[in-house]
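Next come two complexes, and both contain chain A; in the first it sits with chain B, in the second with chain C.
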Partner chain A sequence: MSAVVESRASKRAKSVALWIATFALMLVMCLPGLWVMLSGFRPNREILAKPPVWLPEALTLDNFGKIFGWGAEQIAIPVPAYFTNSLIIALTSTLIALAIGMAGGYAFARFRFRFKGGLFLGLMLFRAVPGVALSLPVFMLWSKLGLIDTKAGLIIVYVSLNVPFTIWLIDGFFRQIPLSLSEAAQVDGCTRWQAFWKIEFPLARSGIASAGVFAFLTSWNEFALASQLTRSTDSKTLPVGLLDFTAQFTIDWAGMCAMAVIIIVPALILTFVVQKHLIAGLTFGGVKG
Partner chain B sequence: MAAITLEKVVKKYGALGVVHGIDLTIAHEEFVVLVGPSGCGKSTTLRMIAGLEDITGGLVKIGGQVVNDLPPRKRNISMVFQNYALYPHMNVRDNLGFGLKIAGQSPAEISKRVGEAAEILGLTPLLDRTPAELSGGQRQRVAMGRAIVRNPDAFLFDEPLSNLDAKLRGQMRAEIKKLHQKVRTTVVYVTHDQVEAMTLADRIVVMKDGHIEQVGTPMQVFNHPATTFVATFIGSPPMNLLPATISGGAVRLADGTAVPVPDRLTGHVRDGMAVLLGIRPDDISPVGHGLSQDGPGAEVALTVDLAEPLGMESLIYTRLAGQEVQAKLYGPRIVAPGEVLTFRLALDRAHLFDAATGKTVRAL
Partner chain C sequence: MIRALTTKRPEMTPFLLLTPALITMLFVVALPLVFSLWTSLTPYQLTKPQTIYSFVGLRNYTRLLTDPGFWIPFGRTVLFLTIALNLEFAFGLGIALLINKITWGQRGLRTIMMFPMMFSPILVGFQFKFIFNDNIGILNNALQSLGLTDQAIPWLVDAKLAMFSLLFAEIWMSTSVFAILLLAGLFAMPRDPLEAAKVDGCNAFQTFRHITLPFLMPFAYIAMTIRSLDVARAYDIVKVMTGGGPAGRTELLWTMIARTGYENAKMGQANAMAYISTVLSILFTWYFYRKLIAARRFMGGVQ
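Take a look at the complex of A and B:
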């Protein structure tokens, strides 16, 4: 009896300790982000105040007003254009990377073909190369091809950056789905194509969604290559646009933080929307083993 | 209508031959069991019939039509997989109706036929559950329901019971048998369990290393094994095989013990021939404790090495001609190791195999 009570107590202590540890870790990870978010809603003078003002006295939307041109004060940074560019570039490159990732991942998971191992290793090695290292060659190539400062130019770069990862992730998810499910569907009257869309795709959906989120976030947040390959409102993305806030002698921290909020929020919303898929992971109750 | 014929069917993976030219005819509505040790090519053969595996050589016909190049969906067969392969994201109702839906049946027709199949298999209360919410036996039944609902020309089963525990396996075995009696359809059933093979089959096909060793009814295969492989594979405990030579009309064992050549085989042996004397444990019993007491026999005194009492019978390990032999004692008698008993060999039920080829000396 007492042993039971004791073990219950120690279990409780353990879970409390776990909570505290998790909280501390989350704090370290989230605090800078929170600080940036908070600063987006504070006037510049409060941000720069010394000693720092920890808890803001009043929150304001003025910074956003400046950016979007509502208020009396305006800044000459075309944020809406950057936002549109970012959205178009990130969405398009994600969709293409997913399409290629699904085709490639399925092929690696299901088919036997020549040079399969080498090809897969090659894709992984490609991922090991940091994107910036490629910026100079890409810049030279793109200027020859006239792709500098175009959305298409960035989309191509982001697709190739993301494809190895989407293939790798989606391959893993298809591998988890027993081959016999597709075979059962084919015996049940499906073509291989139908079996894919009706059985294998729904089961791999959570994996495909995760791959999509990762690809989107990579493209949405990428700075190094975008800063080399874009010039104007034709193609500049939000992260690159952040630099517009640094003038020669001053930095508009408040405006910059407000823009950071504009970058962070869509990413957060997206992650929330698909998180159900990210953690769901279908139970394979249909097959034993 | 839906007989299945295999003609010289060959399967190779690259240079590796797995099935070496199989000939087999399965009659309409017949229940045929492919049995054999692991890796002998049973699943491969079944999957070639299903269209899930390319056929390297030979012909597969279903209902008289060559199906070599038809995809699975055009063969009008259904298959029950070893892991059941139920669709995890659909409930039982949709699992059962999936094939009908793909075939473009009307919702009313689908619901009617799913209802019938569920009724036959006792699945009606489970229709709204997902596979994850079912027990092993229930999943097994759903897999069978999915097979019967489409009214196929043939059912293919690949070790459907091997994931169940022993008791459930016995129950489902009986259910499969009943199901076949209800929905008479050609069945090809793969197992490596000889009890399943014996109890379910109209005809058994014993396979080994990609060859067919013997085809016959369970009784033919049990009573007249064509080879030593079949003799030891079918029947448990396995048949005893004792090296011997024919001399002077008798079978002379390694230690000189001589027993008469069984009557029905006398015309088929010649002096000096090296043979294996095959005799099942059931046919070596202490005098007075055997199955058949009349008919020709030979009596030998043997020492009991070990006895395993099984209730109404005991399995006895002893030695005959320097080789371990298993024998059966019928009756609730306790035997102690070291005891010397007179055993009777029921020679009318003994077999002789050519030692060189392993084939029975008497053609069936």
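Take a look at the complex of A and C:
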């Protein structure tokens, strides 16, 4: 009897130890990111201090004030303009990619047609072209077309970057919905178009939203193409703008960390909101054939 | 008109639905790739626009294939990817198995685990440039405060250490992709075979090796396929952290393309390199996609 109690107690101790170990591991994993985010709220002189200041004495919003021009001091880098560009470019390209991806995903999920497997694979392989490699010819063509340093130029590129993966995810979500639902609606007198909007679209909505988040994050975070296709405040995005800091004579670490916070916070919020669907989307779309 | 077309020829509907996707891909990827192929067969330099019309055949390619200045970064890239992907898979598997064992707070842990996934590659690069900085970086500060060393370790200046730092950043960024997908696989795993194995007297390792691991493989291939779609994002990290230096000792295929094309303006040669890297990436994705399809067929569709 006591042996059973003992083993239960040791089992419990083991599971607590495992929990603590796992939690500690996760914390260590997040530490580099958290450190940068924390440094965005510290004055630059504290970051540069020797001997190092371990526990920040006071957190400040000065770095953000400088970036957005609230305070007396201002930095020469037009971060608000980059932020607006990033937002416009990421949102527009996401919406267009979603529209195209919904049509394409629906086609793959609901129809049998010739070259289906080949087309799907082809789309995926197009996506595999490395950004730098693609940037060379796009750079040359966009120069001819006058699309360099325009938001439209970058939006077009990002749409095509996002379409294949959006199709993959949305295809998976539509497959989750039984075909019989749409068929029943059609028997009841809906056209296929109506059945799509009344039955299938609402059911796949959360999945489509998570595909949208994926597309948004890809555009929001992209660097390789943006760094070659943009020049000025007309179209430069946040990731490209981050490098402006390194071009200065002394590196403004605090400013860069603050900018890192500005880039990461929207991504964090979006991912947390849709994380459940995100994971489901990645695995359903991929595993269920 | 579209409706008329779909009612008259219903087999055209999927193609109509796919037309916008195909047009975008043709315009932004296929057409540039054709243009890139042509350019790679010319000695085109940005400073001499006329050179784009002189055809030199495969000269750029033969030059690259005989140039150690190309092969060394090329080999380094392959080595870099091999180490990174294997470690990402191993760490991801370890983390997934750990979290799978936890019963309380599992969702919270899973959310925390996704944290690095949200970082833009350029941010990851900057973050580790900050952390590995020899003068003000937290790593050297910590090592010095703990008395482990009294010198500033040149993490990003010494060639070997810089390579290690780059790998560290790359692995930090991508391990959670593997972890999250493998964890999803563990969640989806049926209990029966595991219990049957226990009854039959398998030990924990045998059960893992012969039941859990094969079941997880499709999930690993999804992770590999997703990763292979943007292996080249290591470019962003290298660009920020070392810029390919010191003296080209951390140059990868992708930074070399950018340097040749934009800084040296040798577009012809850069496009030849870009073509080689594109073909490699495509083969890589294709390989894992085939594996994924085969594993899926073998499983007969899980869940």
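Note that the second predicted complex is superposed on the first by the 239 of 289 C-alpha atoms of A that agree within 3 Å, B and C clash if a C-alpha of one lies under 4 Å from a C-alpha of the other, contacts with A are read in each partner's own complex, and residues count from 1 in each chain.
As a working rule, a residue touches a chain if its C-beta (ideal position, glycine included) is under 8 Å from a C-beta of that chain, and two chains touch if they have at least 3 such contacts.
Given the structure is predicted, the values throughout are model-derived calculations rather than measurements.
Judged by the touch definition given at the top, the superposed model places A:Gly118 against neither chain B nor chain C. Annotation for chain A, partner touching more residues between chain B and chain C: C. With both structures placed on the common chain, the touch criterion links A:Glu183 to chain B but leaves chain C unconnected.
By the touch criterion stated above, A:Gln194 is placed in contact with chain B alone, chain C being left untouched.
By the touch criterion defined above, A:Val159 lies against chain C but remains apart from chain B after alignment on the C-alpha atoms of chain A. In the superposed pair of complexes, A:Pro202 makes contact with chain B only, with no contact to chain C. Shared contact residues on chain A (touching chain B in one structure, chain C in the other): 282-284, 286-289.
Against chain C, in their complex, chain A makes its touches with residues 15, 18-19, 21-23, 25-27, 29-30, 32-33, 35-36, 39, 47-48, 51-52, 54, 99-101, 103-104, 106-108, 110-111, 113, 116, 119, 121, 123-138, 140-141, 156-157, 159-160, 163-165, 167, 217, 220-224, 227-228, 239, 242-243, 246, 253, 256-257, 260, 263-264, 267-268, 271-272, 275, 279-280, 282-284, 286-289. Across the complex, chain B is touched by residues 178, 180-181, 183-192, 194, 198-199, 202-203, 282-289 of chain A.
Listed in rising order, the residues of chain C touching chain A in the complex are 11, 13-15, 17-18, 20-21, 24-25, 27-33, 35-36, 39, 95, 98-99, 101-105, 109-123, 126-128, 130-131, 136, 138, 141, 145, 172, 175-176, 180-181, 184-185, 188, 218-219, 222, 225-226, 228-233, 235-236, 239-240, 254-255, 257-258, 261-262, 267, 270-271, 273-275, 277-278, 281-282, 284-286, 289, 292-293, 296-297, 299, 301-303. Of all residues in chain B, those touching chain A in their complex are 50-52, 71-73, 77-79, 81-89, 95, 98-99, 102-103, 130-134, 136, 139, 146, 150, 163.
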